[in-house]
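Comments concern the structure below.
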C-alpha cells in the first residue's frame, strides 16, 4: 500500500505535495523483523506499475523477502494521511477498494510451498476486511500454517471503515482468530469485533489514564473464546492529545498478566504503524528472550521509539530498543 | 495582505525561502465563516498584480465572496513572520504602508449597495490603524451598517506598530467602537486602547494563569463606555511559552459573565490568526446556537483548533469544531 | 567543519537530502560574539574547495574575521547529524580524520602576529582531540597568549569518539587547561577527562534533576588542580527527553558558587551548539557586565535561546538575550 | 481527477514526493475559458473526501463554476505522471477505475436544468472511455444540448488504455460525435477511433515534420461521416524529442483548410493538457473573433504557451495569448 | 533590494513559496568585482529590519564592503520575478516605492569621506528612477567623484516602470550621464532615454539577429552628446526565446568599434542581472588587461556565464571567466 | 561512495542542501545489470555507519547483491557535484582519501570463494587510483578471475585527480588491463593512460564533431598492446555545451570497427555515470544478443537514456532501451 501524507501538519486540503512512503500492517511487521536481523517474507499482491515497483524496491532495501509477492490486479491501495496536532486528530482516508490484494484470485498463491520452511506466520485483521477473496485466501494460509505446525500470530487491527464488502468483522474474524496462537489487540479491537471489554471501562472518559490491570478480564475472555491462543497481548494507548500519548502493553499467558513499563510519549512525530512495530518487537522478543516479560518490554520499547519516526516503518535496530528497555530514555545526544 | 513566513522555526535572517499565504484580520474571519457554510463577502482594496491575483484566487477557492474587492492602489501589504519556540517569541514585521487599502480613495466603495442585503458587518482595529483614509472609509461603512440595521461586530485588535499616520487608536477607535453591537478584545486591547483593565492584573506577572472572572470588570466598564454594545467578549491567552498556551474566553451580556472551557494548547503549530478564528466562530455561533454559552464554546473550540494549522486561516469545519466542543480532545487518529 | 543534517526528524538512513550548515566549537563561539557586536577572528585551517569557500562566506557574513584562516590540507571535517525525539537520541557521526585542521603543519600559523592585538583567546578540547599536530599547535597558541597577557578561556568539550590518534584526553589536556584563565565544562567533562565528579552523583540516575550546588566540589577540585583558573563554570543539562531539557549553569570564582536561573526547555529545535552559545554569552557577559552573576545569566539565557534555533550558530542578539534574562519567557508574539 | 507527478525529471520509481495538481480534459478546458473571463460550469462527480474538496477549491479559485458537481461515489481518479526528457518519453499511468464519475448513477444529473441557460457544451472522449454509465450519461447530456440548441464541441481524445469496460471507442464514440458541432482531434485520434488517416502518412516515420495540408483529407472524411459537424479541427504535434516539439493546427470548415502558424517549442516545461488548452482557446476564439483564422491562431498560441506551464491548466490570460498571436515570441523579460 | 522569485517556471500566481535572494544593479556589480578579488564598497540605504539584515549578511559574505550602508527609512524594495520559458516571457514586478533608498534624506551620506580613497565610482539609471531624492543624492555623488578625479561609470539601465515620481529619464539622466567616463547601455537604453538608435534598426523585427556594427552610430552619437565619455559600451542580446539568447557586446573608444565574440546561450537558467555582470566584468577588465578588447571579452564571457546561475549575482571567479574567454565552452565535466 | 549534489543548477557555494545519492563506477554498472534482470554482486568495503547503511539499502533495493560487501575502515568516499549549464561545466570534487575501500586490508576478501560461481568480473580504473592497497586487491581479483576462466571487463575510467598516492596510472594500469578481455575507454582514457590517441585528433578543437572511424587506430594499438583483449570499445562524446552532447560508441573486435548510431542529446538532466551505464548495457548486450552490433547499440541507447536521469544510476529497463534502439526517440507521451 502506498501512503500519501500531507506535508508537516498541513491538512490534506492544504498540502501541495505528498510525502510518499510504503505501508501496510503486515509489511510494517516484516520491516521490523528484518531490522532485527530476522529472515522474513512478505506475501501480498501488487500490480505491475511503477508505484508497486518502488514499493518492492523499498521492501527489498529493508531486507524483507519480496520473491513471493504476486504481481496481479489493477491498482495499489492508497492511504491518505494528515497529521494532527494537539486537539486536532490525525486523519486517515483509505482508497483501497479493488486493490490487487482485494481482487486476489483464489488459489493463486501456493501457500504450501511458501510456508513449508517458515517458522512463523503473521496476519492482521486488515486483510479480511478488504474483500471476500482476501479473507478467504488469508484463512487458507492460516489453516495451512496450522497444518504445518507453524506458530500463527494475529493483530486484530479493527478498522471499521474498511469492512465494506458486505460482511462484518464479527462474522469473518472468529474463525481466523481461532486458529491463531498469539493474539494482539488494542483497547478497542476486542470490544468492536468480539464485544469483549473491561468492565466499567470507557475509553473516551479516561483518556491518558488506562489501568493495565483492567485488561486482565479482556484477556481471559479472549482466551476462553479462542482456546488455541497461548498469549493474549493488548497495547494500551492513553491519548492525552495528538502529540502526547502514554503507551504500554500487557501480556496474558493464561495464568499471569504481565505489565510493561508505561512510556510517556511527548512530541510524537508519527504514531501510525505503532501497533505494527509493537507486533514486530513482540515476535522478535518471544523468539529471542527467555521470558515473556522481556519480550513484552522489547515490544513496548520498540514501539515507543516508532512514535519518533516518520512513516509506518520502525527504523530502529536491536541496540536502540534494548538501550531504551534498559532505562535509557533521556534522549541525550550520542556522539 | 500577503504573509511571508520563514520556513519552520528559522529566523527571518536564516530562511532562504518564504512560505506564501494570505492573511488579514477580516479575511481570516470571512474564511472561517465560509468554512462553516455561510455566505460572506470580503471588502478591501487590492492592486492589479499577480500577488493580489493569487490572493483573490485563494479567497475565492475558500468560497469567500470577492466580487466587491476594489482593484486600485500600488501595492499589497506584507506581513513577514518568523515562528518562535519556547522562550523565543514569534515575530511579525509589517510592511503595509502605502498598501492599496491604506491609500483607498474616499467614496470609492459603494457601501449602501454592498451592504443592502447583508446580515452582519464585521470590522477590526487593523483597518483604522493603517491610514486616515482607511479609518474614514471604515467608519463610513459602520455608520451605513447602523442605518441599515445590520449587526456590527468589531475586534479591537490593537497593534501598536501599525498606528503610524499621526493619530492614535485612542483618538480614532472610540467613535467606531461606539457603533458596534458585539465587541471582541483580548487581554491587552482594552487596556492599550481605552485604558480599561482588570484591577490588580498584570499580564506579565501571570503568564499562563489568567483568572477569567477578573475580566468581568473590564466587560462592565466597556459596556458602560459603549452602551450600544450588547455582548462584550474577551479572549484569554495564558502564555507559558511560544509552544504552549492556555486559551479561553469570556462573554458578558450586560448581566452575566459566561466563561468558556479553558484549553491547554501544547505543540502549537501557528497561533497567528487565532483571534480571528475566534471571531469567526463567535459570529457563526451567535447565529446558529440558542444560547451564548454554546456560541462562546464554539468560538473557543474553533480557535483552539486554529493553533494546530499553518497559516492565518482556520481550515476546520463544523464537524471538527463541534467534536471538540463536545469534549473530544484526545487527538486519536480518525480512520 | 560542515554539518550535514538529516531533514526534520528523519534518521540518517531515511533522509534523501542533507541540510548544510557550518559548525565547529570555536566557530560557534565566534559567531555568538560577532552577533553581540564584538570583533572576532577565527583561526583554523580549511582546504581550497567550494565547501570550504562557502563556510568562509558564511562566517564572513556573520561578521567573524576570516582573514587568518589558513587554506591548506585536503578536506573539511564533516559532522553528520540526525535529530532525535522523545526517547530517541540525536546522533552525531564524525568524519573529521585528515581534515585540514588535523593535518596542520607545525609552525604554519604566525600566532605572535595574530594575537598581538587580541584581548581574549578561546580554545576547546575538540582541537587537541583531532591530531597530535592540532594539539601541539593549539598548545603553542595558548602559551603565546599567556606570554602576551591575553585572557585564555577553554571549553573542555570532551568527545570520546574524537580521540583516536593514540593519546588520551587525560594525557594531553592538563597542560593546556593549566594555562587557561576561564574553564568551562559540562556535567560530564570534568569526570571523563580529569576524573573529578560530584560526590554521590550519577548523571544517568538523575535525569532532569541536577542539583547545582553539588557542583561546588567539582569546581573546587578543578581550581586546585589548575591554579591559574580564575573562574570555573559548569553548564548543567537535565535531560528529560530529546525534546525537553532543563538548562542552567554555575560559576565558581574560588570563593562563591553563583547559580543561574534554571530554564525548562520544551520543544527543543536543535540543541547542538548549546554549550558553545553558553561560552559565547559568558565571554560577552564577563566583558560587559559588572558582576559574574549577570554574566552567568546572560550566558544561560543566550544558550537557552540557542535550543530554539536550527544549526550550530546562535542567531540571537543582545536585545533578545537581555529580554529573556529579565524574565520575559512567555514567548508572546512580538508585532 | 488528481494528478500526482514525480518531481522534476525523476521517474515514478525514483521520486519521494508527488506534486499534487488537479486535471481532467474537461476541467482543463473550463479553466482556460475562466481565465479568458468566460462564465463556465464544470459538471462531474467527485467523492466526499478532502482530496476532492481541494480539487473543488482549486477549480473555484480559478473561477470555474462548481455548483453542479455531484458528490457521490467512492474515489477520485488518479493520474500518475513522470516527465521524460530528450529520448525518454513522459509516462502517464491511470488509476481511474471505479472513480466517482465512472460509477455515476444514471439519471442523477439534471441536465435539462443545468444546461437550460448554457451557450456551449463541451465533452471529450475521456468520459465515455471510463465506464458504460459515464458514456450513457455523457450521451444523454449531448442529446439534451442538441435539443436545447446549444453548440456542442468534442475532443476525441483517444486513450487506448482507458477503454477497459468491454466496449471499444469505435463502438461508442460515433453516436456521440455525430451530435457534435465542432470536433477536435489530434493526428492519432481520427485514425485510432474511426480509421481515418491521411494517405501515405506515418506518424512514426515523420517525427517533427508534419505537413498540415495532408490533414485536409482527414477533415473531409470526418465531415462526411459526421454531417452535423461544422468545423473539424486537428492539432499537429511534431515530436522531435520529449523537450522539443513543433505545434500547430488546422481548421476545416467544409470548404477551406485554414492553417495556423507552426510553433517551434523547445525547453518544454509540461506538455500534458496542451490539447485541452487548444480547445479552450478555440472555444474562446470562435466566440470572440470575427473569423476562424484568428480563432485558430488564438487556440494555437494559447496552447503553445501551455507547454511552458507546470500542471494541466493553462494559466495564461488573453493579453499573453494575443501578444504571442501578434508575433511576440522573443521571450524578452517584461518589467 | 530583495528578490522574491516564483519556484522553477511557476507563475507568480502559481507558486506557494518564494526563493529569496538579494539583488540590485549596483550590488550585483559589487559582488562581481568582489568575486574577482577587488575591494568594493556598496553605498545604499536599508531599513532596520531582519530582511535588510540578511541582505547585508549576504553582501558581506560575498566580501562586498557594507560599512557605509546607511540604515534608515521604512522598507526594502522588492522585486517579484517569474521565470518564463520558450515563448512565455519572464516577468518582473517592482514594489520599490517608498523604499529606504527612495526616501533617502539629502545630505545624509558623507560622500567626500566615503569616496576619498576610492578608485572608481559606478552608478546606474535605476537609482535616479526611484525618487527625486535618490536622483539628487546620486548626482551629488557623481559630482564629488568627478572633483576627486575618480573614474565614473554608469549603466543607463532604463526601466520604464520605475520612473513614477513625476520626472522622466530624459529630464534627469543627461546631467548625470554627462559626468560619466564609461557608459554602458543595452540595445534599448540609448533609444528610450536619449532617442539615439541605429538607423533602420527594429529590435522587434530582428530577434536573434543583431548586427553589432550597426551600433557604431549609436556609440558615436552618444559620445558626441556626452563628451566626457571615453568608452561607450553596448550589450547586444538576441532574443530567440526565453531560454535561448545570443549575447555579445561592442566597445567604442571614440575611434574604433571593438566587437566581442558572440555567444549562443541555450538552456538559460536565469538571465536577470546579466547586464550587471557584464559591467562588473568590464570594470575588472579595463583595470586588469592591457587592452580594451580583452576587457570586453572578459565582460562578455563573465556575463555569458551569469545566464547559467540562479539569482542576480554572478558567482564565477576569474579562472572560470578566463577559461571561457580562451574558447573553452564545451561544458565538459571538470573532475 | 556517497554523491552529494548541489540542488538544480546551483553552485556548491550556493546550495543550502545536498541531494544524496549513491554512486561509484562499479556500483553503477551493477545497478544497470540488475535493472536488466541479471544477477550481480557488488564487492567493496564500506564502513559501519548509517551513511554506508543507506548505501547498502539502496543497492539491495535495486537488487544488486550486497552480501559480500566488507564492513571495515573509517569512512565512505564522497563525491561533491555541481551541475553546469551551457558554457559552465559541471564540477566534481572528490573527498575519497582514506575511504574504506582505499584502506582495504590485503587479503581481507576471499575472492576465490566469491568468484567461484561468477560468469563475469568487471573492474574500473577508479579502484587502482585510490590507493596501493586498492590497486593490489583489484589486481588480485582480476588474476583469480583469469584463473577461473571468468570473462574480465574493464573501464579505464581515468581520473587524474584521483591518482594521489605516489604511483601513476601509467605505472599501475597496464598489468591490470593486460588481464582483461573487454576494454572500454572514452576518447581521453587511452591517451592519458597509455599515450594512444587518434592521429591528428584534438578533442578540444573538435567539440561535437568526432569522427568515429578515427578511433580505429586507437583500438588497433590497444589490442596490440593488450593481446588478451577481444573487444576494444570506445565511447564518443561530442561536447557542444553542458546541456547538449552527442553520444555514440565504436567496438573493434580485432577485425572490424562497428559504429553505433550517434545520438543528439539535448536538455541533459545528468550526464555523470553515462560511461558506466554504457558498460552495463554492453555487458548485457554481449551476453544477450547474437552479434556485437546489437550489443553496441543496446549499450549506446541505454547510456543515451542515462543522460535524462538524475543520479549516477541508469533507472531504465530493457523495454525502454530496446524501444530507443529500434528508433523510437520522439519522446511522445506514453499513456
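When the chains are written out, they are named A, B, C, D, E and F in that same order, and each has its own residue count from 1.
Everything that follows uses one rule, which is that a residue touches a chain if its C-beta (ideal position, glycine included) is under 8 Å from a C-beta of that chain, and two chains touch if they have at least 3 such contacts.
Because the structure is a prediction, the values reported are computed rather than measured.
**Q** On the document's contact criterion, could you list the chains that touch subunit D and likewise touch subunit E?
**A** B, F
**Q** If we define chain centres by averaging CA atoms, which chain lands farthest from subunit C? Would you check?
**A** Result for max centroid distance from subunit C is chain D.
**Q** Farthest from subunit E by Cα centre, which chain is it? Let me know.
**A** A
**Q** Count the touching C-beta pairs: is B-E or E-F ahead?
**A** E-F
**Q** When the C-alpha atoms of subunit B and subunit C are each averaged to a single point, how far apart are the two points in Å?
**A** Chain centres of subunit B and subunit C, defined by C-alpha means, are spaced 44 Å apart.
**Q** Using the touch definition from the top, which residues of subunit E touch two or more other chains?
**A** 11, 13-14, 16, 57, 91, 267 - these are the residues of subunit E that touch more than one other chain.
**Q** Based on the touch definition given at the start, go ahead and assign the chain network to line, ring, star, complete or other.
**A** Per interface graph, the chains form some other shape.
**Q** Sort out which chains touch which and give me every pair.
**A** A-B, A-C, A-D, A-F, B-C, B-D, B-E, C-E, C-F, D-E, D-F, E-F
**Q** Under the touch definition given earlier, write down the residues of subunit C that touch subunit B in their complex.
**A** 263, 265-269, 304-305, 307-311, 315-316, 320, 324, 328-335
**Q** Going by the contact rule set out above, which residues of subunit D touch subunit F in the complex?
**A** Of all residues in subunit D, those touching subunit F are 8-11, 13-14, 84-92, 94, 159-161, 204, 207-208, 239-244, 267, 271-272.
**Q** If we count contacts the way the header does, which residues on subunit A are in touch with subunit D in the complex?
**A** By the definition above, subunit A touches subunit D via 4, 11-20, 49-51, 53-54, 57, 74-75, 78, 80, 82, 91, 93, 95, 97-98.
**Q** In their complex, what parts of subunit B are in touch with subunit D?
**A** 57-58, 60-63
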